[in-house]
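Data block below; observations after.
Think of it as A, B, C, D, E and F in the order they're written, each chain with its own count starting at 1.
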Amino acid sequence: MRVVVSVGGSVLAPDLAHERVEQYADVIDQLVDAGCSVGVVVGGGGVARDYIKTARDLGANEIELDDIGISVTRLNAQLLIAALGDDAAPSPAESYEEAGEAIRRGDVAIMGGVTAGQTTDAVSAALAEYTNADLLVYATSVPGVFSADPKTDDSAERYDRITPGELVDAIADIEMSAGSSAPVDLLAAKLIERSRVRAIVLDGTEPTAVLDAVLRGEHDGTDIVP
Amino acid sequence: MRVVVSVGGSVLAPDLAHERVEQYADVIDQLVDAGCSVGVVVGGGGVARDYIKTARDLGANEIELDDIGISVTRLNAQLLIAALGDDAAPSPAESYEEAGEAIRRGDVAIMGGVTAGQTTDAVSAALAEYTNADLLVYATSVPGVFSADPKTDDSAERYDRITPGELVDAIADIEMSAGSSAPVDLLAAKLIERSRVRAIVLDGTEPTAVLDAVLRGEHDGTDIVP
Amino acid sequence: MRVVVSVGGSVLAPDLAHERVEQYADVIDQLVDAGCSVGVVVGGGGVARDYIKTARDLGANEIELDDIGISVTRLNAQLLIAALGDDAAPSPAESYEEAGEAIRRGDVAIMGGVTAGQTTDAVSAALAEYTNADLLVYATSVPGVFSADPKTDDSAERYDRITPGELVDAIADIEMSAGSSAPVDLLAAKLIERSRVRAIVLDGTEPTAVLDAVLRGEHDGTDIVP
Amino acid sequence: MRVVVSVGGSVLAPDLAHERVEQYADVIDQLVDAGCSVGVVVGGGGVARDYIKTARDLGANEIELDDIGISVTRLNAQLLIAALGDDAAPSPAESYEEAGEAIRRGDVAIMGGVTAGQTTDAVSAALAEYTNADLLVYATSVPGVFSADPKTDDSAERYDRITPGELVDAIADIEMSAGSSAPVDLLAAKLIERSRVRAIVLDGTEPTAVLDAVLRGEHDGTDIVP
Amino acid sequence: MRVVVSVGGSVLAPDLAHERVEQYADVIDQLVDAGCSVGVVVGGGGVARDYIKTARDLGANEIELDDIGISVTRLNAQLLIAALGDDAAPSPAESYEEAGEAIRRGDVAIMGGVTAGQTTDAVSAALAEYTNADLLVYATSVPGVFSADPKTDDSAERYDRITPGELVDAIADIEMSAGSSAPVDLLAAKLIERSRVRAIVLDGTEPTAVLDAVLRGEHDGTDIVP
Amino acid sequence: MRVVVSVGGSVLAPDLAHERVEQYADVIDQLVDAGCSVGVVVGGGGVARDYIKTARDLGANEIELDDIGISVTRLNAQLLIAALGDDAAPSPAESYEEAGEAIRRGDVAIMGGVTAGQTTDAVSAALAEYTNADLLVYATSVPGVFSADPKTDDSAERYDRITPGELVDAIADIEMSAGSSAPVDLLAAKLIERSRVRAIVLDGTEPTAVLDAVLRGEHDGTDIVP
C-alpha cells in the first residue's frame, strides 16, 4: 500500500519540540514495517509564520514570502529526516520526480514545498497523484472537513464522508468567507478531485491517529471517497 | 513600466506557423523600444494537447501529463526566443527567480510552465507578482472575462471592468459548470487577487492588440482593477 | 545481456499514435523479462522536423535548431516512459552518467538527445560504449545499411554483415552524396568502430523485429560485427 | 572599494525583529552609494540554535546539524535580500563563484553557509579572499578580539590592532580553553592569514558601526592588519 | 566582431608553463580592447594524454576516457581564466548556452569539452555556430590544413584557402589513413560546413599569430571561406 | 562495518602510474568482499601541485587555487573509479549527501575535494562523520602522527595511540612551526574530535596496509581513539 501523509508544520513540531517529531518518525516506521511505501509532505508552521511576518514588514512580495515559507518547510523536513535516520532519503526532495524516485528505491521520501503559488496541501495531493498512491492522509490541526469554519461558526458540522466533488464545493465555500481557514486549500481539493485518490482529513496532534487510519481504517476525521 | 504577457500556445503558434510568432516577437520588440521591461509566459497549445492525449492513452497519471505539457510550453518558448534573437534570454526560464534575474539584467524573459499542478495562467500571475509588474496581460483565444462560458451560453456577457474579487467569483462560477472553460483558471485569479496587480484579459489572435492595451490602454477585453 | 536500442522518433510514434509506443514498451518489457538490461535512445521524428522548420523560418541558428530537436526527443522519451510505467526511470536521462546509473539500479533507462552537434544515432553508440553494452540495435525506417541510398539509387544493395570499418566507409560514401540519407550518421559509425560494440541496423516499423534480433539473433537488417 | 561584511544571525535579526534587518539594509545601501561593491555573509543565530538543538535530540550527527544550520543562514539571508530589494541578487548565493558573479554584475551578493565543516566566519574570509576584497568586517556580538574570552575572564583585554599571525595565535588559545567562544573561528583566522586581507572585528549591534568602520576607518573593535 | 578561438591544450600550456598562458591572455585582452567579443575553447594536451593512458590501463571505456579528457580541458580553462582575471567569466562554461550568456554579458567566455563523443575541435565549431561568430580560429600545433599528414607524407601541401566542403573532403581523407592526425576532426569540419562560418587554421605556438589573423587578416595558415 | 579511507593524491598515483591505483582498487574490493561499506576521499598530489604553481604564477588567488586543486582531486577520483568498475558510483561525489546516498545504495563512493577552504583531510573526516563511519583511515606519505615533523626534527617520535584531543594539540603544534607539514590538517583533527570517530593514520605507500588495519586491526601507524 502506498501512502502519502501531509503533516502541518505546527502539527509536526509545535515550538520545535522534538517529542512530536519522534512520534511521527515512529508512526512512519510502523507504516514501513507494515509494508507501506510512504511519502511525507511537511508544512511550515509557526517558524514559517514568524519569518513571513518579518519579511512582509521588510517589503517582500507574496512570491518571495512563499519562497521563504518553502525554505522553512524544508528545514522542518530535515528534522523529520534526522529522526527517521537510515529509513529516509537524506535530503528533502525538491520535486515530485525526486520524491517518487526515492519511494521507488524503497526509501521514505520527505519533502516540503515545491514552488511559489502552491501550498504543501497541494504538494501532498500532487505527490499522491504522481506516485499513484492508494491513500492520502492530511494530519492537520482541525479534525476533518466541516460545513463551515468550526472556529467561527458554531453550526459547523464535520462531514464523515464526502466525495471529491463535495470537498471542492465545501472548500470553495469556506475560502469565499473572509477570515475562515479550510483544512486543505482549494487547489489541493481540485487535485484530489482530478486524481480520484482516496483521502482522509484528520486531527494530527495525536500521531498514532495516522497509524489507525492507514492500517485499520479507523479515524474520527473525514473520508473523501470518489 | 514592467509588463508580463501570457500567451496561449495556440494563440502564439497555431499549427506551428511562424508568422504569428514573428508578430508576437515584433510586438515585444516594440514594448522594449517603448521602455517596457517584459516577461512572457507561453502556453502549450495544440501540440501539448496531442502529446497529452497520447500519454493518457498510454496510462500516464495527471502529474506526468502536466510534466509533458510543461515540456511543450518550453518548446514553444524556444520558438519565441528564436524569433526575438539577442533581445531575449537564450533559454526558457524554469523558475521565477531565473526569469526575474533575466529581467533585472535587461533581457526579455520567456518561460513556459514551472511545475505540475499549475497552469501557465497561474505562472503568469506569479511572475507578475514576483517581479512586481505594473501590468499583466492575458492574450487568449476568448476576448475577455464573461459572466458564463460564451461558447455554451448565449446570455454570457463580457465584463468591461471588474475587481480581482469579482474575477475570482466569476471564474469559480465558470469552473463549477461542467464542460466550461474559463479564460484564466482559478489559481491564477486568486494570485491576481492576492498580489493586486492590474490585469487585462483580451483576444490575442491579433498580436497588436497587446501593444494597444499596454502602451495606449486601449482594448476590447476585460480590465481587472483592484 | 546489456542492450541499447535506438528508436527513431517517427518509428516510435508516427503521428503521435499511441499504439506503436505501446508495442515498443511491450518489446522492452519482454527484453527485461528475458534478463536483459536495457537502455533506449529515442529520436525526434516528425514533431522535431515541424518545430525545426518553424524555428529556422524564425532565424534560429543550427545549434538552436539542435537544441529544439533535443527537446522534442525528450518529449518522445516521456511517452515511452509513460508506457513503461514502473519499469523505467521516471524522467529522460540527460547524460550518459544518468542513464548508466539507472541501468545499474535495474531500471530501463530512456533518453533522447544530449547536446547540440550530436544526433541520437551518435548518442545511442555512445551510450552503448559507456555502458559496455553487448549489443546496439538501430530500429530505423530503412531496413539496413545499403551500398547507396536505396530511395534514390536502384542498384543499392543491402549488406548482410559488415565490419565497423566497412560501416564507416559506407556511411562516409553516402554522406558525401548530396541529398542522400544514411541509416546512421558518420559520428555514430565512428563511435561504433571505436568501441567495437556489435550492432544491428534493422527496419523498426514492426517492433517485434527488435525482439527477434536481440533474443534469437534473427533479423533482415545488417549485422555490424567487429 | 570592495567590502565583505559578516553579520551574525543574532546580530542581524534578534528575535526575528525586522528593525535591525532594515538598519543593516540601510547601511549596505549607503556603502553602495559611496561606491563600494559589497558581499554579505549572514549567520544562523537563535533560530539555528533552536533547530540544531531539536535535531541533536533527534539523533542527527554533526554534519547533519551543520546542514540544518546552513539552511537557517540562508533563510536569514532571504530576510536581508527582502529588505534590500532590487540592489541585491534575488537568491542567497550558494557558492563563492555565484557570489563573486553577482558582485561582478554590480549586485550586492548575500550568502549564508556553504558546506558542512565551515562556519559562516570562514565563509566570510573565503569570500573576501575569492573576490580580492579590500576589507573584511566581522559584525559580531563581542566588540573585538580579546586576549581571552571576556565573558569568563576579567583580565581579558581587547586588542586594538594585531597581525593575522597574532590573530591565529589568539584564536587558537581561546579555542583551546574549554567553554570559551572566539569572535571568529580558527579556520577563518587561518584564511585571513593566508589571504592577507585587512579585517576588522567589531560590535555589530549598532549597524552604523559598520558604516563608520568602512567609510571613515573609525571603530572601537580590533584591526587586523598584515 | 565576434571571434571564437580554439587553443589546443599543448599549445596553451606546454609542460604547464605559465608563460604561454600569459601570452594567450594578453592576446585575448588585445582582442577585447580592439572591440571583439571573444569565446575561447581550450583542449586537454599532455596532461589529458597522461591521464587517459593511465585510465585506459585501468580498464576505462572510451566514453569514460572522454570524460577524463573533458575534466582536464576544464582544468586548463581554469588556468586561462586565472590569467585573464576580471575579463573572463570566473568558471569554465559547461554548455554553449552558458558560454553564449557570458559573451552576451560582455565577458570573455572560456570553455573546455562539453560531452563525450565530441572533441574540443567540434565544441569550437559549435560555439562559433551558436554565437553566430564572424570568425573561428584554430590555434593548433600544425600550421594549417594539408593535403595529407605532413608528419608522415613529404608531399603534403598546405592549402592557403579552401571551401568548407573541401575541408570536409580533406579531413575525411586524412582520417581514413591509419595513424594520421588532422588539424581539426571531421565532426568539426562538418559543423563548419553546416554553419558556413569563416575559419582559419594556423600554428598557435606563437600566440600573436592569432592577433595578426583576427585583427589584420594576416597569417600563414589555411583560410576556410564559404 | 563502515569505513572511510582518505588517500593522498601522491599516495594513490605517484607519477600517474596505474599500478598503485590498481592495488588500491584491489584493497577496496577486498574490503567490500569482507562486508564493509566504503567511502574513499582522494587527494590532489603532484598534478595538483603543478597546476597550483602555474596558476599562482598567473595571479590566481588562494580560493581559485583551492578550486583548481579540487578539480585535480576529482580527476584522480575518476582514475580510481575506472579501476573499480561496477563497484563504484560512476562519477566522483561532489557533496557528502551524494556520497552518503551512494553508500546507502551499496556502492563504493569516491570523492575528491568539496569546497575551497577545506582540504581532503577535512573532507574525509566530515564524510566519516556524515555517514556515521566506524573507522576513518588516512593513508598518507608519513607513517603516523609525530610529536614534531619527522622530516625536520630528528627527535620526532611517532605516537602509537592518542586521543582526539591530543591529536588536535599535536597538529596545532606542528602547524604553528613554520615549514612543517602535518599528516592531517587542523580542521580535520577538530572534526575528528567533534565526531569522536575512531581513526588511524598510517603509511599508505603499501596499499595492503589499509587492509590489515581495517580487517585485522594491525598497522604501524597511529591510532586515534576517543
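Rule of thumb we're sticking to: a residue touches a chain if its C-beta (ideal position, glycine included) is under 8 Å from a C-beta of that chain, and two chains touch if they have at least 3 such contacts.
Note that the coordinates shown come from a computational prediction; the quantities given were computed from them, not determined experimentally.
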{"item": "Joint neighbours of subunit F and subunit D, given as chain labels", "value": "A, E"}
{"item": "Neighbouring chains shared between subunit B and subunit E, ordered by label", "value": "C, D"}
{"item": "Minimum number of chain-to-chain touching steps separating subunit A from subunit F", "value": "1"}
{"item": "Pair exhibiting more inter-chain C-beta contacts, A-B or D-E", "value": "A-B"}
{"item": "C-alpha-based rotation, subunit A on subunit C, 0 to 180 degrees, nearest 5", "value": "120"}
{"item": "Subunit C and subunit F: spacing of chain centres that average the CA atoms, whole Å", "value": "43"}
{"item": "Whole-Å separation of chain centres (CA-atom averages), subunit C against subunit D", "value": "54"}
{"item": "Cα-centroid distance, subunit E relative to subunit F, in whole angstrom", "value": "37"}
{"item": "Touching two or more other chains - residue numbers and ranges from subunit C", "value": "64, 67, 97, 105"}
{"item": "Touching chain combinations (by label order)", "value": "A-B, A-C, A-D, A-F, B-C, B-D, B-E, C-E, C-F, D-E, D-F, E-F"}
{"item": "Residue numbers on subunit D that touch subunit F, as the complex places them", "value": "61-64, 95-96, 114-118, 122-123, 125-126, 129-130, 132, 169, 172, 176, 186-187, 190-191, 194-195"}
{"item": "Residue numbers on subunit A that touch subunit D, as the complex places them", "value": "13, 16-18, 21-22, 25, 47, 50-51, 53-55, 57-60, 64, 67-68, 71-72, 74-75, 78-79, 82-83, 85"}
{"item": "Interface residues, subunit B side, partner subunit D - complex", "value": "97, 100-101, 104-105"}
{"item": "Footprint of subunit C on subunit F - complex, ascending", "value": "86, 89-91, 105"}
